[in-house]
Each structure stands twice: as C-alpha cells, then as structure tokens.
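Next, two complexes with chain A in common: one pairs it with chain B, the other with chain C.
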Partner chain A sequence: MVEAGAWWTVLAAPAILFGLAGLAVVGDAALDARGAGRPLTPGTAVRPLLAVSRALLAQPRRLPAPDRLLWRAGVITVPVAAVLSTLVIPFGGHVVADLSVGVVWFNAMEALTWAGLWLAGWGPNAAFSLIGGYRFLAQGLAYELPLMFALISAATGARSLRVTDIAAAQHGLWYAVWMPFALLVHLAAVLAFSFLGPFAYPAGRDIAGGVLGETSGADRLLLQAGRWLWLAAGAAMAVPLFLGGGAGPGLPAWAWSLVKTLLVLGLLVWVSRRLPVIRADRYVELAWVVLLPPAVLQVLVPALVDLNL
Partner chain B sequence: MDLTAVVLRAAAARPRVLLVTVPGGTAVRLAAERALRSRDWPSASTPAGADLMVVAGPDCPPLRSALDRLWQDMPQPRARVRAQAPDDVSSVLDAARDRLRSPGRSRADVRGTADGNGHSDRGHPGDRGVGGGVPRAGDPAAEDGGPGSGAYGEPPEDGSRGGRPGGRQGAVGAHRAAPDDRRGGHPDPHDTAEHGDDRRADHGGQGGNGEHGGRADPGGGSGGHDGHGNGGMELPGGLPMAEQGEDRDGLTLDRLHVPLGPLLADWPAGLTVRLVLQGDVVQEAALDGPPACTSTDLFWTRPWTRAAAGEPVAVGEAARRRAAARLDSLGRLLSVAGWPAEAVAARRLRDELLAEAPASAVLPRAERLARRVGRSRTLYWLTRGIGPLSTADARAAGVSGPAARAGGDVPARYRRWLADVVDDVRQSDDTAPLDPVAQESPRGRWDAARPPSVALTEALPGLLVGAELGAARLIVASLDPDPDELAFRRAEVARG
Partner chain C sequence: MGATATVLLWASALLAPAFGVLVFTMNSMARVTFALLACLVCVGGIVTVLGLSYLGVVIVLMMVMEMVIMAVFMIAYMMNPAGLMPMSMLHNRRGALVISGSLFAALVAGIFLVPWPERGGARPRNTTFQIGAALMREQMLTMITLGFVLLATMVGATVLATRRGRYDRFGDELDQRPARDPAGGGVGR
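Here is the complex of A and B:
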C-alpha cells in the first residue's frame, strides 16, 4: 500500500528528480561523446554539469526594454512546475501528496510550463526569443490534446484520477499492454513539454536558440534544468500510469520504480537523438488528424471494459 | 585558492564557444570546429549563451562593427580571440581558456560594470582592439535605470541596435522616459505589443548575429507608433515602432524587419538577407550586397583554381574536396533542421576526408549517413515542399550545381548531395588529371568571373518570400552559397 505525506518525502522527491535529470544529462553527454568520436570516460560524461559553475558566474543580461518581471517569472516557472509535478508521482511505496485529482495536478503543472516558456520568450523583447515562445504554444496546441486523452485513458481504466489508484489498478496487466497507443502519446508529449530532441522547436538552432537565445547565467541554467527536470518527471509519471508503478517480482517497490523510470528515461534520451526537430506547423497536422482519433478510441477501450465489469 | 577561483576554473574547463567565421576563413573554421569537437567545447548559437568568442579568418573591416556588437552582447566573464591560420587554432584556444580561468582579470571583468574597468579583451594578441568592456561599464544609466533603462536609448536611424548596454551613447537622454512609462503604466496590450515587436525586430537580428544596419523604414515605424498614442518621439528603448501591412490573407498585421546575417550560426558568413516578417512568415526578402570583404582565399574550389592556373591536379583530390564541401553543407542543413547528432556525423566525415583518410575507410560511413539521412522519413516529411526550384528555373538563374541537378525542394537537394558524396568518395583515389571545366566544383561549374555561389545567392530572395522563418533557414541552408566565392568575386570586381 502506498504511504503518503511522510515529511521526508518533501525532500526526497525533488532530490530523486534532480538525480534522474542529472543522469539523463550524463547519458546524453555520453552519447554525444560517442557520436563525436571522443574517448568515453566518466569524466567526459559529467562535463555538461560544469554549466552550473558557469551559471553562478555569468553576469545577468541587460537588454533594451526587457519585460524583466515576466521574463524572470517565466524562467522560474519552468523548473518549479517540473518539481511540483512530482508531488503526486508515487515512487515505490511513497508519495508526497496522494491527491484525489493527481492526474489533473500533473497536467496542470505541465500546462504552467506553457505560460512559463511563453513568458520566457516574451521577456527579453527580442524577435527570435518571442518566436521561440510562440513556437512552444504551437507545439503545445499539437501535443496537449492527445496527451490529455492519453492521461484520461489510464484514469478511465482505473476509474480514478488518483495516481496511486491507477498504479494499483494495474495488478497483473500493465496499461502499457492494452493501452500502448496512450503510452506512446504520453512519451512523445514528455519530449514535447521538455522541448528536447525532436521537440526542441522552441529552442531551435534556426532561430538562434529561441527561448534560450537571450538568456545567460542563472536564467539559462533554470530553463535548461527545467527541460531535463521535466523529462525526468514525465518519465517517472509514465511508470505509475502505464507500467504498473512499483509492482514487480523479487525487488522492493522503490527499486522497481527506479528501474522502470530509468528505462523510460534512457529510451527518451536515445530517441531524442534519432530524430530531427519536428516543426509545429507539420506536427499540428499530424497530431490532430492522425494522433487524435486513435487517442479518443484508446479512451473508449478502458471505458467499454469498465462498463462490462 | 578561493572559491571563486575554483568555480572559474571549473567553468573554463568547458566554455561555450561562439564561433564566428568571416569570409575567407573556411580553413580556419574547419580547424576550429575540429578542435572544439575533440575538446568538447560546445557551440553557442548566440552571444548570450557564450563564454568565448572565436573569430575564424582574416580581418574584414566592414564586419568589425557586427563583431563588436556580438562581443558587447556576451555576458562576463568572457574572452575573445581571433585565429588567422588553421595552425593557430589550438594555441589560440588554449590562450582563451587561460584567460577565462585567470581569476584576477576575470573578476575585474565582473566588477567592471561597477568600476568602469571591463576590458577583458584589452591587448589580446591577434585581436582587434575592441574595447568590449567599455560600453557596459561606462554607462552609469545602465545601472540605475531599472527595467528598460533609458540607457539603452539610441537614435533609430542608427540601425536599431537599440543601444545595447553600451552601444553608442548618443541619445541616452532623449529616450529616457519612454521605457519606464511603458513599464509603469500602460496597460494597453496593443501598445505594449507595438513596442515589443518592433524592438524585437531589431534585437532578433542582433541576438542571433549582429549586423543590422539601418532599418528599412524608420519613418513608417514612427507613424505606427504615433497611431497608438504614445506621443512624440519617446520611443521605448529608443527604438522605432513596428509598422503595419497587409498579410497574404489581407489582414493588417505588424511587420517586423528582421535581418538574417551576416554573422549567424550555421549561416553563410557575411551574407545578409533583410526580411520583413509578419508573425514568423516572410513577406519580403532582399539581399544585401556581401560585406566588402575582399578575400581571394578559396578553400572549397582550390583544386579547380589550381587546375585552371595550369597546375596538375588529380581528379581524386577534387572529388575529395567536393565531397567534403557537400558534407559541410549537409552539416549546416542538419544543424538548422535540428538534428545535431547527424550534423556531427557529417562533419566528422568531412574532416576525415580532408585529412586524407583512405576512401575504403570513409565509404561505409558515407553510405551509412546517406541511408540514415537520405531515407529518413521524418526529415523528408519536415522538409518536403519547401523552397522548390525546378531544374529549368535554376538553369535560367545561372545555377549549375547540385541545386540545378536536383530540380526540386529541400529534400531533393539534400538527397542529391548525399548521392554525390557517395559517388565522390568512390573516386577519391582517382589520379587522372582534373579538367576544371568538365568537372563540377562544389557549388556548380567553376567560373572565376562568376563563381557558382553568386547565382545561388541571387536565387534566394524569390524562394524565401512566403516561407515560415524556420523554412527560410532551411532554404538558405539547402542552397548554401559559399561566402568565400562571394568574397572572391568581390575582390575580382574590385580589381577590375
């Protein structure tokens, strides 16, 4: 049974999230090093984390007429929302807050990122940055509806919006098995709301970094951290929703949660390198015309099963 | 060793590098890209994200101001170096790292904003005296003005640089009030959008790269501004307002003037395309003449110029150079398309070809790249229909290279490149003498009076109109004119 609200979980959840995000960064750096033909050592893989030291030093930017308040608010919102989203994600036998509307909480935090990133694009008062912000909205328009149906599929299957209920309802048969399409949509959306890999459109190199382009120092660190924290949070959320949570033979529940999360995270990091950036003008079409109808049908499957029971 | 020194050393172990190429600097750029890749110094696409600015290539006076603006945009601690020759690159990078980690000097830089001592680049060997730290440091208004300080004010006709902290100090006083007004109490969103958008127009080009000389239409800007009742000459941040114009659906929308180039990541160095954007759709595109850099250093077409001058050159050597040139173009295209992993693969192959790796070693990897990229359905889906240029149109415009033979959209062109690369790698050990007329140079049939890149450049504006900004970048990258050829032609014209 999942235990909620132990005081130490408030510290443990962010710590685990940061650890997972750090591992994702390290894994990505290792793949980078392999692709670039550099020798692969533990030292090379952790080098991206040196960005933290740089962020502490860098001078803040001064731009002509920036919207400093909104810019700062947006930049902070992205990582903070990622951390807050973990409140409802059970890890092994523990969860910080076992909300009855946990799925909605997660989705709300993810929607906060829309506001955060758009503000981060708006704030510096620069064309490419603003285009980056709007690109995220366009991307959000594409991924959000299929994602909502994916989340609702799992919730319908368990007849509960409580994440721990969803994990517990899968005893024996993971939702990944009979809702594979929902899992796929969820994983794609995780990459999309962490604007990484094929969904790095808002921070594209073609618009000189987009939302990241004008940031430096702590601002840049917060946004970059937000990306990887969201990736880790999304991967962790996939485990209770579709992969049976901490259930598994032999190992304790926390170990199963960790193993499954790491596998999902590894898969996401690997996939993110295999695809070019998907421009939202093409993705919206795909998402609404191709992905949305099966996503709706996917919700019907657990709904019909529930009716029969 | 105090804490700051430790942190500085750690940060300097992996500086983010803004690699800026000037026309004539291809050989240096290639050496720098190779060095940065093996050192794992990541590439930054904007000055804001960079610690180190590396200028690759000879001095080009018309680009100095653009380089200076990039430099002014870099947060401290920072360093700026120039590499003039490929062999210098390694020592220049080492020197830059030492400067970044040297605590005394860098901390002086950090403090520079307060005490007026921000010359991190003072007296660098091989670098132009830029006085980079001065502007930020010397402008007290930048400190006290709060958000949108009037210190940023600058006469609009100056070219919109928006008075980067430190730009020219000219109109500081004149525009002081406007930004604060805006912030303090203009809730009218329309008004704010006006201000914002226009500033963005300038800043975008700036953030991305640099040069945006005079705005096309400062007068129109003021008109739009007045229309929103903000009054008189008080422009936010000293920047002119966006004008309005009909978009393709007949709606009246803001028009932003956004220059692309001359110094932009993954962009033909020195080329400037002035765009009029509505949203992120290109309404108008005009080509600036290439900056008047005169360089006769042609890297990619060197086998052809040598053969034309009567030197014996083997077909294999030319094929190798041509394959490398197209892999270089592919690297840029893939980078713009947001596929960094494959861009690195293309660049590694390019470097191996240039390092005379045997064809048998390169061929399997070239074929693998051609399979992965050429057959990627995702990349095809994302780029199809963009920038169509039929063979007939291309030939009419004087384009003779792969762009003409491909006769199609962006995917047609990159697939043509990939197929050509594999063919060229196959014949890269051929020792027959090169006929510079019969054998195509990387961008097309070589003609010293009119290098093939000139026609490619001239074909650009027509293709860009109507494209979304990201698509416009793809179109430029898929034609990829060689800046060295443009500078070469300039030198020839200058010589008469």
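Here is the complex of A and C:
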C-alpha cells in the first residue's frame, strides 16, 4: 500500500517546499520592484524574507473574547496541510510516501485548508476576519469540483491514483498535451487554494485584509507562509500529473523535476500579478457554468482512450 | 498488521470516542462542529489502517468539506445571534439516552453474535480496484439508481425551498434579459 522513501526524504521534501515558496516570494518582490520602477537589487528581492524575523519578534495583538483554540488550530492547519500534501509528490525518482491513493491524499490535504481558513476567520471574533473565512468557503465551492475533475483526468489516463504511476504513464506524450484543459483548471485551482492573485478575495483589501486582518506576529507569518507553501505544492503537483514528472533528455530526473516546477511556479507568480481579484459569486458562476462541463468532457477523453487499449 | 499500524489503530480508536464526547460537552457550535470533524477524521484513520486506504482518505476529504459547510449552516440557523451565546447539543435527554443506549447495546451484541466469516484467499494489494469493481460491476444498477435518486432529491429540495420561479426571474413573457435576481452568481444573466 505504502512504499516509504529513504529517511532523508522526510527532511528533504519540506526543505525543498520551503525553498520553492521562498523563491516565489522573492520573485514576487522582484516583480513588485520592477513594476514600481525601483532598481532591482538583491536587497529589494530579499526584503520580504526579512519580515519573517520581524513577525517572530512582533508583539501579538490582543482581542476581546477570541476563540484561541480554534484560531490557533486554523492558523497552524494551513501550512501544515501544505507540507503534508508534498508527501505524495515525486521529485525526480524520490517520494516520501508513495501512497496507492496519492491523488486523493493531495485533495484531502487541500480540503483541510477549507477548515483551516474558516477557523482562522472565526477565531479572532471579528467581523471582517469572519467574512474572509466565509469568502474562502464560497471560493472553495467554486474551484473544488473543476479541480477534482482535473485530478481525475490524469488519474484516469494512467488508470491509477498513485502519483508516481501517473508520472510514469506519460512516457513520450505529456498529459498537458492531450489534457490541456485539465492542466489549466488545476493551475487556476492552485491560485485559488493559495488565495493569491485573482483569488485573494478572502484576504481582500475591501475587508481590511479578511482572514489575515486580525492576525499578528507568528500567526500572521504562518498564514502567509501557508499561502506560498500551497502555491509551491500545487506547482510541484502539476509536474507529475501533467508534465511528465522527472522525464526529459540529458539532465537527471531530479533536475528536470526542479526545472519544470520552477517554470510552473514562475508562471503562477507572473499570472497572479496580471489578473484582477475576482469575486467568489462571479467565480462560482464561471466555474460551474463554463468550466465544469468541459472538465467532465476532459475526463471522457482519457476514459475513451483507455477503453480502446 | 505492523506495529505502526496497530499503534495508529488504537490511537484513532481511542481519540474518536473522546472527540465524540467533546461534541456533547462543549458549549460553542464552532467547537462542537470541529470536534465532530476530528472524530470523523479518526474514523477515516481507522478505515485506512484496516487496509481500505481509498475509503479512509475519501472519508477524511469528504468529512472536512461537509463539516465546514455544516458549521456555516449550523451557526446561521442557531436561535441566538450568530451562535455567539453558549449552547448545548443535548436535547430530549431521556429519550436520547434510551435510543442511544439500546443502539449501543444492539451493536455490541452484534459483534459477539454475528458469525464472522473466515478470510478466503490472500488480501489484495490494492483494495481501491476491488471497491471499484464491487460498486461498478455487480452493483452498477444500484449505483445508477442511487445517483438519479440523489440528483432528483437535490433538485426537488431546491425547487421546494425556493420561492422564486422562472416568471419572477424572466418576467411574465419569459423575455426579460438579464434575469432579475436578488443576488449575483445566478445563471443566465
């Protein structure tokens, strides 16, 4: 059922994820500086990472009658779920736990973010924060179904829920080529569950930061880290699902995994800055009326191909 | 079953009823809902450890989403404003005690009275395929019927619950575009 990787993969997987998330933050800051016309120095790029030490030293904000237990649980759940999701994502030839139901595991961890963010909104006992939590649920209802069909497309193509099987089944022809719509839906969902860019609605400026509004210090750091960790995890998952995993000429498998993940991550960071925030009620309409029918048809394509074989 | 699996099984088996007790002792709807979620996640853990990894992980996946949505509605429908006042999950105590007590007794009696079958053949390596074959081969007709019943129930419940029909949305001649909806997100605007 489970094929355990070498012991060091337990340490390497979170380390790589944190590295990728850090790179995404640095890239975002660099694009910020370029957009503002500031000179691009190493200092401007690394500045957001200095906020880590500032957040750890900051005095926590006290609020009247918060639900501390649930708040803390929610804030911790978001980054922890992101790290746990990487257990099943192969990187080159290595994977921490090659679960036979890896795709479902990734999806379950992503669903934990629903609980985490709603709790993070409920905990502070503040209206805007709670609205942010509810906004994420509305957004979740919109992106989840198309995402599930996108994941099922890749699993159907490989006739397996094991992520390494899916990566191996794409020898020669990537799923991105004949399931482009599933890849597109997956990438949109990655932005949605990391509530970044066009899907930053739960943490919107119009509600004073929403789920992030009342957090301070380490709590805020954990939630912000959770966003970027989920972005990195989603980008890393797209590689074995749609881009052939570590397959490629010349370079070793881990290098191809890294290159592809970085490309997807870079694309997501760039796109997230190009699009305006979309309201959840509008995205529900788009997701269910426009995205869902082609997503179902997309599953039909690998199913028919499988039947022919 | 290995040592790790046994430890996981016992930990989940003890934590699940502990969270179940918390559901009836805590006084906040949010906490109660998430105690129930923790209880159901433990059940998913038990199912996974017993070798049905697909069912176990799907239980976790579905229960997280279901409980979060349920928290929204439970809090919205509470008598006190927004679920901010202390509440209790205990209602009809005497009747509930009789029902739950007799149900528990019946289930425990079932454990000892049912002649459990011996395992025939080896355990399959990947149980997901067996579940799929069981549902989609012999029980295909049941699943199709169930699917239609569920869909019809959902559509019917929505139609009964909503007061507005197509004449409210599109006007008496059904020619009014865009539809007159009280809130955004509707189809056909």
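Methods note: the second predicted complex is superposed on the first by the 305 of 309 C-alpha atoms of A that agree within 3 Å, B and C clash if a C-alpha of one lies under 4 Å from a C-alpha of the other, contacts with A are read in each partner's own complex, and residues count from 1 in each chain.
Convention: a residue touches a chain if its C-beta (ideal position, glycine included) is under 8 Å from a C-beta of that chain, and two chains touch if they have at least 3 such contacts.
Because the structure is predicted, anything quoted here is derived from the model rather than measured.
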Chain B versus chain C, judged by how many residues of chain A each one touches: B
Which of chain B and chain C A:Gly217 touches, first, second, both or neither: first
First, second, both or neither for A:Leu50, with chain B first and chain C second: first
Chain B versus chain C as contact partner of A:Ser100, first or second or both or neither: second
First (chain B), second (chain C), both or neither touched by A:Arg205: first
Which superposed partner A:Trp122 touches (first chain B, second chain C, both, neither): both
Contacts of A:Asp67 with chain B and chain C, given as first, second, both or neither: both
First (chain B), second (chain C), both or neither touched by A:Asp281: both
Touched partner set for A:Tyr134, first chain B, second chain C, both or neither: both
Partner chain in contact with A:Ala36 - chain B first, chain C second, else both or neither: first
Footprint overlap on chain A, where chain B in one structure and chain C in the other make contact: 67, 69, 122, 134, 279, 281-282
Touching residues on chain A, where the partner in the complex is chain C: 1, 67, 69-70, 73, 99-101, 104-105, 107-108, 111-112, 114-115, 118-119, 122, 134, 137, 140-141, 144, 161, 279, 281-282, 284-285, 288-289
Chain A partner contacts - residues on chain C that touch it in the complex: 28, 30-31, 34, 37, 51, 53-54, 57-58, 60-61, 64-65, 67-69, 71-72, 125-126, 128, 183-187, 189
In the complex with chain A, residue positions of chain B that touch it: 4, 7-8, 10-11, 13-16, 37-38, 40, 44-46, 48-49, 51, 75-77, 110, 113, 136, 142, 147-149, 152, 162-165, 179, 182-183, 195-197, 199-209, 236-239, 256, 258, 264-266, 277, 279-280, 334-342, 344-345, 348, 376, 378-379, 381-382, 468-471, 473-474
Of all residues in chain A, those that touch chain B in their complex: 31-33, 35-38, 44, 47-48, 50-51, 53-54, 56-69, 122, 124-131, 134-135, 198, 200-201, 204-209, 212-217, 220, 273-279, 281-282
